[in-house]
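Below: one structure, written as structure tokens.
Each chain carries a letter (A, B, C and D) given by its place in the written order, and its residues are counted from 1.
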């Protein structure tokens, strides 16, 4: 196993740094705040990281493949509102959820179609989608939050199983599945391959278009899933939800050691990066540090954690 | 795979640590009854976001209450008015075992679950500035209801423009609930009392000052017969006033051709009021709002009653209507604009 | 005619004209001198920031921090003014702060060789935090009358900010076309390693570009503050970086660097400005404005891409 | 006795753990073309990098026109009169040809720092004209120029520094055969102007055609410098390899089969040109033509990289191929001409590169079957004699020859029926070339049908059972095995009716 992954030597070495950083943060806040080191607090944090975490899964893959998806936050809101509107029209909540997920996949498909099929610049297309979908959200529900979902639906975001939030369990399972996919299946080789040299993959008789398309569809699906979980956690579908979430997701991915130009990175790293961000926020909140300084600290951390690595090939 | 296992292992380890830490802190916590180690009662004041002048004024009031009541007040919120981030922060604060929380919810429904949790931990909950009815909050502190404020704004502009003509609404966010509630109330008031007033459009700035400014420019361009503008959030009236003043200066508008009112902190609109661009501005002292909220939380935490007409030091008497606590609105005009210190 | 179509900016020109025609049909108010002046006026700071972004993108980079830099500089200018500093000095100091921010970006990107997207993502957080921090959460407003000149004054009967923008656009078009410094930017964006071999100091050029971008953002923020009349540190320039980047790319720039012109970018800014103004003038429901804007951005990019494909077909050396 | 323009004395260069050059002496006279030969890793490029200021020598000195010099960087060397043209061009595709020549040059600006475009265009055009590039419009962006034109721009760029010494690293590698001729004309002009040229190349034929002298390096030491008249191809190879090299091209032991595996009818190469041919089982069919002849397009069409009309019949069934994926399914394999861009994923391991095209077959469901992948990669490492400590090694660290073997290997693993080889030995040293030729032969003997597209005439002649000569999208001649020699081949390829027309 380890031999199979060791070819991305840069990837494995990085993770140690991130783990040290995470442990440092955990220890630091445990000393600084008496409230930090408690099961309830940790469960809280896990409960809160789910939406960003879900989106980080496909985002990691997409960044490894050398692209980027900035439209995730808008897709999140769009699918959440689609689901809410469907529910308001009297459709069964689980069917509505299917509609929401489908909407997300469709948005991803539009991204994928333009980027993969027509080779347009991913950043530009997804900025366009970011603006357009957010606009459509307002068109659909006129900006009004939708709520009043049945209690059974709140299970997803609010229920604890054995003291652990259900959505966190779901997230970890998703990470394990995705990590498995990104290590053991040929899909992973294709994704890493495209990130390193797209043309070779194409010349090897593999449909790059299809892989990219799948990646953006996944991104749509996971963004929609994040939307569903957010709705369930907050009991409400809002037009503004998910604004700027892409920045959190990308920050987590980068701190997790994924290379911004693609080709290198891992989901394990992203997971650790995610934990670093959420625990940092949580710890600073507990200390009563104003969000203003939190932003500064997060930015400095990003520069420190990602900045001291070698970026060869540029 | 090994790496992920390692990562998970670290997580489990951390949790174990956390579990140990928890028991020990509980042991210590029993002595001082769940409050912070200094023995002071701690309250978390949570506005919609950090940054706008309105909330900065509120923070001053909260800090004043902190001193007056000899309690500890934490004042924090996300940088953007995002309910998910706000709720994360409230959850974190519940972990800190505060005695009470004062929340201005971005989404009335979304705070339901976290309020329920807070109530179960015997944390006092008061909403302020924006309400979350049908939740476990105990009181709602406001200048008046959204409906009252909306109607007041509509009445003000209706009077100024003589009861007929085109009026445009400027809001901070098309998806923001208190904005919707106020503008709906204003619309309803027009329909009922000034049928000849036509609300032509509602534009949103997303809290971006430049966008608000451009919106106002586009409004006077698009609707040459526009008679009035209502700005429903702190950033809108100054933007509208700035644009109108500039247009008057440039000669494209007559002075007083467009009446402006709205909700804005006096210090921000002082010049416009003095120039007469804004005749009446509706406001309440956000500092007092916050002060009252902290005061109520402290009363509740000490198990004291909240009664109608009760006297709050340095604020005055308050009106208590069921679970609603009103401190009343203020009208800022040329005469009194200098008397405000916020 | 054919030569005209081969101009790099041709598709966006055509598309802009189409949009103008469309809006003119929908609303008689649209195509009027007043409104054109309004559109220009509303987008002054966009124009100026976009010049900097064009250079950054020409280098093959991107700058996510421009909005936060704008907030920092505008807020500091406000602070200076509230301390009674003379408007001209305050404006100058604001621009210096913009330059300093650019130097921070430039240091990490050019000297420490950290990818620009990471650096500017980080400084986006940092500068925003600083901006709100120094503002103390209050609005910068009630500027003295002398300060209004930057955003509202006139010079020789023309709007001062517009003149500033035109002057800057002219300077930078010249700079990029007629100076070695400008050509180095194109060379680095086109082929970094070849640029190094040609003795071009990549680090120095990159540093310069980020400093200049800081400078331009500084200028833009002074105009912004003066024009809008108030600054809210937490939200000023919030969506600026994405919008400006979109404008550069719509104007024919390539995210991979080396391709793009200031003139094209200005068209891109104008295009976005026209859409935003036109949709409101045409009394489109406010709920539809963002959706339509996004759709038109995507459409513009689609058209640009098609043009590029068409151009690449005429390459010498392919079979017949 | 003329004085040498350049003398390198006792040059040594050490890298951590490796001695790349030891005590190399090298002299260069004005107006001579001096070939530098040696197998890959012999130290040619290190020596040239020392000379052009990329590396500084650990020991030894460089004298230019009698004066000792040190070069801090390539630009420094250029300014002092030593220019190098790298194998991979260093051009700015987004800039005009003229600007590529004169990028960042103070002499092109006015006193006030304004770039004088018309002066730049004029000078550039004059320079390009002087080396026979008159047909190039220097205002055109380089991405719109062909490979030869790009090389002319590179040479013009070097000359714009008044180069006394010009180093050309594999200048013909990117050029088609007929453009090599044009390049030689340029070189001859330079020689006449007194420029000293170091010509680094693998190609024997060119060396004998253009060089005055030849220096051979082996394992970082100089073997000898000789006048070109004193050496033969065989003796040069011997000097390079250090031992007797047997026949480069193996002899065919058995005839190819009769069964037509691939039949192409009216395959469109562009809007006007159609082509037809057939390929038999076990046959090596050489396709030869200058660029623009369509041979590259044939490969692209057969492999589904380009779409068009016409009929492709494989084993008697007409098939449609619209993507590499479909081509692979029809058991067509393609070893592309540029392995760095199209052949290998450098940071990935040999094993991953080898398994890339056939991962679906090496998976259980969607999960990769590690044991089978390991077994497969071991098998092909051995079969192709890929030299590496393990198949976990990243291909980036392999020599050109071994990299090329990986590309061939990954397609052999796909068990194709038809193998398209395009420039299979580009940038590969002599030893590895022989090995690759052997492999190709062995494959054909095993019954694989091979379409060999190459611009190296000896290779096409030496390997092919049959050669089709293409010209502007048409088959203009067919040679049977043993019929063709280089002269005839070249003559047919540059069509008699349209001598020397640009494409």
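Keep this in mind: a contact is a pair of C-beta atoms (placed from the backbone, for glycine too) under 8 Å apart; a residue touches a chain by one contact, two chains touch by 3 or more.
Bear in mind that the values here come from a model prediction, so they are computed numbers and not experimental data.
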- Task: Using the touch definition from the top, list the chains contacting both subunit B and subunit D.
- Result: A, C
- Query: Taking contacts as defined above, which has more of them, A-B or A-D?
  - Reply: A-B
- Message: Taking each chain's centre as the mean of its C-alpha atoms, which one ends up farthest from the centre of subunit A?
- Response: D
- Message: Rounded to a whole Å, what is the gap between the Cα centroids of subunit B and subunit C?
- Response: 34
- Query: Which integer distance in Å separates the CA centroid of subunit C from that of subunit D?
  - Reply: 44
- Item | Two or more partner chains touched - positions in subunit C | 128, 132, 286-287
- Would you pick out the residues of subunit B that each touch at least 2 other chains? 50, 79-80, 174
- In subunit A, residues with contacts to at least two other chains: 138, 142-143, 292, 295
- Message: According to the definition already given, which pairs of chains are in contact?
- Response: A-B, A-C, A-D, B-C, C-D
- Residue set of subunit B touching subunit C in the complex reads 49-53, 55-56, 59, 79-80, 174, 201-204, 206-210, 212-215, 217-219, 221-222, 235, 238-239, 242, 246, 249, 252, 265, 267-268, 270-271
- Taking the complex as given, what residues does subunit C use to touch subunit D? 177-180, 183-184, 186-187, 189-191, 193-195, 197-200, 258-259, 314-320
- Item | Of subunit A, residues touching subunit C in the complex | 70, 114, 118-121, 123-125, 127-136, 138-139, 142-143, 247, 250-251, 254, 260-261, 292-296, 298-300, 302-303, 306-307, 311, 314
- Message: Quick check: in the complex, which residue numbers of subunit D touch subunit A?
- Response: 303, 305, 323-325, 327-329, 334, 336, 341-349, 352, 355-357, 359-360, 362-363, 366-368, 370, 392, 394, 410, 414
- In the complex, subunit B residues that touch subunit A: 1-4, 6-8, 10-11, 14-15, 17-22, 25, 28, 37, 50, 74, 76-84, 87-89, 91-97, 106-110, 112-113, 173-177, 180
